[in-house]
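Multiple structures follow.
First chain A sits with chain B, and in the next complex the same chain sits with chain C.
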Partner chain A sequence: MIWKSLYSVFKKDCRMMASGKFFFVALGSLVFYTVFINFGYLNFMHMEIYNVYLYDPAGTQAQVSNLIYAVDSLEEMDAMLVRDTNGVGINASDGKPDIVLYAGAEKVDRHRADYALSLLHTDDEHTPEIVGGDSPEGKNRKDITCELLFIEIVAVGFLGIASVLFKEKRMGVIRVHAIMPLEKSLFVFSKIFLFLLTDLVFAALMTLFNIGPAEMASILPAVLAQTAILSLIMSLTGFVCAMLLKDFKQFSLAYLVIALFATAPVFLSANTSIKMLWIDYYPFYHVYMGLKNAFFGMPAINLAYSICAACAILLLFGIASAAFCREMRKEG
Partner chain B sequence: MIEVKDLLFSYGKDKQALHGLNFTVEDGEIFGFLGPNGSGKSTTQKILTGILKGYGGMVSLFGEDLKRVHTRGFFQKIGVLFEFPYLYANLSALDNLKYFSSFYPREQLRDAKELLDELEFKWDFLKKPVSSYSKGMRQRVSMARALISNPKLLFLDEPTSGLDPTGAVLFRKIIENERQKGTTVFVTTHNMLDADLLCDRVAFISNGNIVALDTPRNLKDQNSNHSVVVDYLYQGKQEQQTMEASKLKTGIPFAYDKLISIHSQEPTLEDIFIQYAGRRLF
Partner chain C sequence: MKGWIYQLKSVRKDKFCMMSFLLPIVVAIVLNYVGSIDLSSLGELHFGVAAGGVDLETESWLKRYGSVTVCQTRDELVSAINDPSTNLIGVEMDGDGIQTILSGDELAIWHQTAGTLPALYGQREMAAQASVQILERPDILAGYRYIFAAMTLVVAMFMGCTFNAMNIISEKEDGVAFINEILPMTSRQYVLQKIFIGFVFGCLSAIVTAAICFRFPAAKAAAMLALIVLSAFVAALIGLFVGRISDGLMVGVVYIKIVMIVFMAVPLLKYLAVEGNKIVSYICYFVPSSATFEGIMDLANGGAVTAGKDMIILGVHCAVWFLLYLFISKCQKKHA
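And now, the complex of A and B:
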């Protein structure tokens, strides 16, 4: 009987999600992310960061990279730098390379100067040692796939479950479940399970299309495990918010705060030089790093992390069930 | 079927909703629970339907203490019609009924199409989404949802709300048919006509107290001054006299040329409610 009830609720939830165009939105996101990664992000990452112009009439520089543009006069170099203000000029007319550039910001200018000078040394002595087995493209693919997957689950999945629940609240049908011979937690379980399945399929397809089938097999189990943890936490949080908040307007505000709260510190800490001493105590940072480690084939799960994640999921499930029971008892 | 003793319920420290209700509902009885908004009738119904816990006193349904009944078995025996037609708007009538009936044992279920037919559902809408239905149609589907599991005890909250007069007559007929089958019906309503025509007994609830409980007939008798108003013609003039009904025993006790009408001054249930509760139902 319990399986029959679960099947009924699950089937109804699928229809609710389909009628709310949720699957369509998820498919649209998948296509958009894949196109962005393959035709936008990777091309952008392949672009040269700064153009470098060299004036060296005597040919004093022996190991000039083919990324350098040679100019015939200082006037021509100046003209190029006026047009391309991010470019860097090297005046080697007296045999010693002097940097010429439009000033930007101190740290960036140093970086630009070092980059320009590095193009004058193409010998092995200046080639860095490479760690890790990924090609630059492979690394970029994993970075961006991980970030977009994290955003999708945190923002879109969270929003998806709430929109379905607000519809059911508006129709009043949640109250009907109060008098049904149905184990009430099945209502919560079915929705969470459906969103989990959707997120897992989404994660698998994102990995397939953007990392490739060859590497997918080795990283997929860990990626799915991390996706499951994040998906359960976010969909349960979305469930609780939808039950406790009055309407979708209130939820929109909460959504902005929670989505920003979950993603902003994580991306700032992981992708910039901003150091946050408290980030080690920030749960979403660990979930994000778990997902990133999974994509890069690093050990992503340890005992403490697993226990904390399991406790958080169980606690959220309890709160979601209690919030659901409270909603069922409300007046019409 | 239902036995309630000293039922107390509070929503908070200073929000005592029920102040010790006592009543019983017999098997196969249609029992009306009447009261204005905020009087405690919804709270009582929620306790009886197992939605609200944490009450004081004793509530027994089907001969078992509600606090001890097995929830699933209990819900299989009751049917509830809410005041508003709560249905999945994106699903059709048939899909709604299929979904809600899937939680009951198959052998207990009535045929959804037969039930809709009985409720005079428009067949063109059978597979259309509920969002395209009128209020009356939605109420019919809601009633079908409440009846599809063949409940032994039926809770109806404002059953004829949103229905046109023909629909209201149909619903009253269906409720009466349910009673004929042995179903006990607990009706919560503002509609005095429904209460009068349907209920074997009615309870008036005001501020969490039952202020009167009896059959509609007895309530009217007890609160009537047993007078009649006689309109008549005498010597070309229309006149009117009010007198005790017993005075008519030996005929009209005054001279007249032609009787126009005789009206009893029996109070309505609403008059009686105002008398007991000191306020109107709305």
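And now, the complex of A and C:
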């Protein structure tokens, strides 16, 4: 009996979302992100070490590395340095190398100068010992796929459920539910389940198109598990917000706040060496790191984190059901 | 004039508009007074060593070039190197010299740095003898400090777009749009009235945000004001377009999302990544916010080189979008 009613509620939700063009929008986002990753982002991510320019008219430096660009005059060297302010110039016209460079950060400047000098003496490249398994491109792909997946679920999952709910509120579906002989939490459950399913499919497709089938097999289970946590938290939060706020406009403001404040500090801490002191107390950071670790194949099965996530989801589900009941009482 | 008063009335009742007006201002205050994030560690080199893995002399030598993290065991060091969010270079002793350890997924610059570090170490006495002349240049990192402020400003201007789009969509859903069609009002009047609210509030919000984030002398403040006015106008116009093409809230929100991502990402990527590439940077100007962002950064960094050019680009945007909108609505009227 309960399965039958769940099925019919679920079918109705599917139709609702299809008519709200939700699936269409998700597909559009998928195409947009895939194009951006493959044709935009990867092309931006190149960074080479500083160029070194040598002015040595008398040829006093014998063992010059082939990484050095020779210039014919001091003017040419100055012009190069103005254009490439990270570059380093070496003036060896009096037989002794003098270094010229534009100031950057103090320690980096020291490294630039010493690096330039080292190129005058040696050619033997040391190869660093490699302890990881990713290529630079693979890492960039994983980085950006993880970020976009996070944004998509935080933004669209949250927004999608709210738009569907506000539509139903206006159509009076909630009022009808109040008099239906159905378990009340089925309404919440079916919606959340549908969003979870969509997000999981989205995550799988994102991984397939942007990371590739070869690596997908090994990371997919962990990625899906983390996606499920994030998706449940976000859609339940969206559900609660949609029940408590009056109309969609107020809701979209809440959404803006989330988009700005939930994602910005997380990305800063997770992708750069900037560490903010309070970040450890910030729940979104842990969720994001869980997702990121999953993408990089570091399944940090952290018991405390799993328990916290499960508790948060259960708590949110309780709040969502309560808010839904309150709304039904108000309506009917 | 009367129409504008009505528009203002509808705004006054709308909490959403009031709050979206205040949001960038709050962000600006937060940015300015609470946390100034230390960005100076971004350009630095980071080394990692295992405890006891290198002698003290080597460690202090590494400290000349960047920060050194000491891990308790070698396994800890390896996982720190593998941590995808940092570009840590591991260092170990190798006979008289040193050996570097990488995770293999770093960009070329870190590979080259790690590849040449042992040679640098070998020549460390020699390096001290050469003379180094350091030329002054504006602090590279100072520019980054303003990025947050400039982004907040772009978002503030963008509020006009959001509000206009939302306003029009909700009018469509409530059926006010049909009433508007039979009112004795030309399409130009309608457009101007609709732009007005988004424009005025986007402007006000951006001006207050700018006043909190930046301290400018009069001439630059005027340039900044011009930039704000022009971009708020373009944003309000774009909001009009979004409102026009979307037939439901959900679709509208998605369009707004896309516009917002493009508005924020294009100037940022352009600023950080494609400085040299002329063609790409010209293409970027098709997104109005990249001209805005460039102008703000230019003013913030003390120059006034590109601000004039950016104003002209924004002016062209204003004219083209405005005419395009009038043209489209005229065409549609003919068909209707």
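The rule we apply is simple: the second predicted complex is superposed on the first by the 241 of 332 C-alpha atoms of A that agree within 3 Å, B and C clash if a C-alpha of one lies under 4 Å from a C-alpha of the other, contacts with A are read in each partner's own complex, and residues count from 1 in each chain.
Criterion: contacts are C-beta pairs under 8 Å (C-beta built on N, C-alpha and C of every residue); 3 or more make two chains touch, one makes a residue touch a chain.
Note that the coordinates shown come from a computational prediction; the quantities given were computed from them, not determined experimentally.
**Q** Figure out whether A:Ala310 sits in contact with chain B (first) or chain C (second), or with both, or with neither.
**A** It touches nothing on chain B or chain C.
**Q** On the A-aligned overlay, A:Lys12 touches which partner chain: chain B = first, chain C = second, or both, or neither?
**A** first
**Q** In the superposed arrangement, which partner chain does A:Ala113 touch: chain B (first), chain C (second), both, or neither?
**A** After superposing on A, A:Ala113 lies in contact with chain C but is clear of chain B.
**Q** Just chain B (first), just chain C (second), both, or neither: which does A:Lys4 touch?
**A** first
**Q** Identify the partner contact of A:Leu101: answer first if only chain B is touched, second if only chain C is, both if each is, neither if none is.
**A** second
**Q** Under the stated touch criterion, which partner chain does A:Ala178 make contact with: chain B (first), chain C (second), both, or neither?
**A** In the superposed model, A:Ala178 contacts chain B only, not chain C.
**Q** Contact-wise, after the overlay, does A:Met328 reach chain B, chain C, both or neither (first, second, both, neither)?
**A** First partner only.
**Q** Inside the complex, what are the residues of chain B that reach chain A?
**A** It comes out as residues 42, 46, 49-52, 71-76, 78, 80, 82-84, 86-91, 95, 99-100, 102-105, 145.
**Q** Sort out for me which residues of chain C touch chain A in the complex.
**A** 14-16, 19-20, 23, 27, 35, 37-46, 64-66, 78, 81-82, 84-87, 89-90, 99-109, 111-120, 122-124, 126-127, 130-137, 139-141, 155, 162, 166, 170, 248-251, 253-254, 257-258, 269, 273-274
**Q** Give the list of chain A residues in touch with chain B in this complex.
**A** 1, 4-5, 8, 12, 15-16, 19, 168, 171-173, 175-176, 178-183, 328-329, 331-332
**Q** Taking the touch rule as given, give the residues of chain A at its contact with chain C in the complex, in rising order.
**A** 20-22, 25, 28-29, 32, 40, 44-49, 81, 85, 96-105, 107-111, 113-115, 117-119, 121-122, 124-136, 138-139, 142-143, 155-156, 159-160, 163, 166, 248-250, 252-253, 255-257, 260, 268-274, 276, 292, 296, 298
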